[in-house]
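Several structures are given next for inspection.
Next come two complexes, and both contain chain A; in the first it sits with chain B, in the second with chain C.
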Partner chain A sequence: MGVGFVVGVFGGLVLAHAAYSTIQYRGMLKIVEEEFSGPPMNVVVELLLGLALCTWAGLAVPAKFLSILPDSDENRIVYLPANLDFMIFNHRGKILPTNTELKFKI
Partner chain B sequence: MAVHEDGRASGKRFHEDDDDMPIFNAENLQSNMKSIYYSRTFLSIIGGVVAGIWGFTGLMGFIFYFLIMAIASLGFAAKAKFSIQKYFDSWNRIVVDGFLGGLMSFVLFWTYPFIRVESLCFYICL
Partner chain C sequence: MVGAAEEAQLNRLESQVDNGGGGAREYLCLVRKLKARRSEKVLKHGLSILNDPKSRSRLAGDEWTLYEQVAVAAMDCQRLDVAKDCVATLSKKFTGSLRVGRLEAMLLEAKGAWADAEKAYARLLEDNPLDEVMHKRKVAMAKARGNISAAIDFLNKYLEIFMADHDAWRELAEIYVSLQMYKQAAFCYEELILSQPTVPLYHLAYAEVLYTMGGLENLQAAKKYYASTITLTGGKNTRALYGVCLCSVAINQLTKGRNKEEKESSELQSLAAEALLKDYKHRAPEKLPLLTAMLKNMKARPLILIFFSKK
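Then we have the complex of A and B:
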């Protein structure tokens, strides 16, 4: 999360700088009265760099994909209760005769 | 031969049964979809900003959007380590979902510079 977020912010800054350069370039074109046909080379490089960084950040920052298969390893977590000390395995049913049917037959 | 065919038929039936009752963890699927939705929206906005600065007009911008979405789908497949069936119930989830919603954001951020320039000219003319 941390690294991806920083990369995304950096990509955004690169894009912002590209936008600022383009605004200046358009202002200059207006002064020399020429038509805008495309941004200058350094702006194109900045745009591609910013796009690549932001694409990486956009893919890395959101939550990781979780497996939807019910029998995959990640979905087979067995939860134990926190109060294990209070679990009782000895109870009064233990002293009752287990083989009750035998008793009834007699 | 007859036995072989029979075996194949029963196998097919088994698969049909599988298709009838897909069992998967809906909660994790929801989480995956949300992740994809976030990624796509963010990439649409970034793509719109780039297309706007680059000065694409008309059809070129929409082609650029298709390109961005194709890269995004490829990225999702790579993020799922190319085993789509493990994380999604169909390919449509990573190829189609969120396409139109992203288009709205894209067009907004793509045309934003034009709007600014146009209105600026408008005010200057006034």
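Then we have the complex of A and C:
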């Protein structure tokens, strides 16, 4: 968790630096009076690097992802609940002996 | 709906609490959430919490829900003294409450005093004519007294008002199956599949009812529903795999005399047989010879087995 977090922060800083360099580049273009066609090559490389680092951190930092497929091993429905609204009490278990020591003491 | 992970968690908590580790409160909460019917365990562990004033005070708001849960579990285990005490405590705290009134009537039911319980429900229903749980208890009472046709009548009237209650549709389907009225049971299962199409167990039950009814169209529909169960469970449901094999065999037997071109491909059957073999090899290798013998028999001389829908 520590490594992923640090990598994520680093990726954010890289993106911020890329934004700052683009602003400086545009300032420089204003001085030279040229059109702004696109950021320079190294800013593009920096952007891609920041993207990769942040994506990696975003997947590594949270804990184990939960499964969403209904037929995956954890989520598949194994049995239906016992329909307790229609439960009846005169079943065969009535005559089975229960632990008479269990008493309710207030 | 109980998923596989939830069932594993429930069993783990149960063995943990049984062997003396803590976690009784989480176990009882999980049982309440999954609506499992484990009355003996609930009674034992619930009473151990309630009898200990320290853990009872730690429960705070949950205490009264626990009283209700333990009362119902006691009624199920036929410990009516414990149930009466719990209900008395609840009625002292919440006098004149509908929920406690329902519990008192349920206690009369558990005692076997059917007439008194009926009077109690009638009185409660006068004040609250649209209470679902009490209508359902009336059905349960009729079923407990053995009067199944009255139970069906009550349940049908209930479903005319509360059409979206899938528990009630399920109960009606099971009653019809127990009376062998398969067409009506099929109708109930169709309603269930319409309202909840992603629950594979409804598809499985519907397929089994269709298979039991027999006849070529029903068998073909049954095969389709077994196949959809296999899709929805990711191939893990052994019963559906068997169902596909048997349906194909029965259909082949019925269409033996007909045109060879109209016969469906037997891909589905061979795939299902393969999946079954793999599953048995993995989980129960000592039963594998039984399975291979049965599959060979099915190809040589088809048998028709009747499946009963039971849980």
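Operating definition for what follows: the second predicted complex is superposed on the first by the 65 of 106 C-alpha atoms of A that agree within 3 Å, B and C clash if a C-alpha of one lies under 4 Å from a C-alpha of the other, contacts with A are read in each partner's own complex, and residues count from 1 in each chain.
Operating definition for what follows: contacts are C-beta pairs under 8 Å (C-beta built on N, C-alpha and C of every residue); 3 or more make two chains touch, one makes a residue touch a chain.
Keep in mind that what you see is a predicted model, and the values were worked out from it rather than measured.
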**Request:** In the overlay, answer first, second, both or neither for which of chain B and chain C A:K94 touches.
**Result:** second
**Request:** Considering only the touch criterion stated at the top, classify A:F86 as touching first (chain B), second (chain C), both, or neither.
**Result:** second
**Prompt:** Counting only touches as set out at the top, which of chain B and chain C does A:D73 meet: first, second, both, neither?
**Reply:** second
**Asked** Which holds for A:L15: it touches chain B only (first), chain C only (second), both, or neither?
**Response** first
**Request:** Report for A:G58: first if it touches chain B alone, second if chain C alone, otherwise both or neither.
**Result:** first
**Request:** Using the touch definition from the top, say if A:M41 reaches chain B (first), chain C (second), both or neither.
**Result:** neither
**Request:** Kindly classify A:G50 by the partners it touches after superposition: chain B alone (first), chain C alone (second), both, or neither?
**Result:** first
**Prompt:** Just which bits of chain A does chain B share with chain C as contact spots?
**Reply:** 69-70, 72, 75
**Message:** Give the list of chain B residues in touch with chain A in this complex.
**Reply:** 23-26, 28-29, 31-32, 34-36, 38-39, 42-43, 46-47, 49-50, 53-55, 71-72, 75-76, 78-80, 86-89, 117
**Item:** Complex contact set, residues of chain C against chain A
**Value:** 1-5, 7, 34-37, 40, 43-44, 47, 50-51, 72, 75-79, 81-82, 85-86, 89, 109-110, 112, 132-133, 136-137, 139-141, 143-144, 167-168, 170-171, 198-201, 231-234, 236, 311
**Request:** Over in the complex, which chain A residues touch chain C? Could you list them?
**Result:** 69-90, 93-94, 98-99, 102-106
**Request:** In the complex, go through chain A and note every residue touching chain B.
**Result:** 11, 15, 18-19, 22, 26, 36, 38-39, 43-44, 47, 50-51, 54-55, 57-59, 61-70, 72, 75
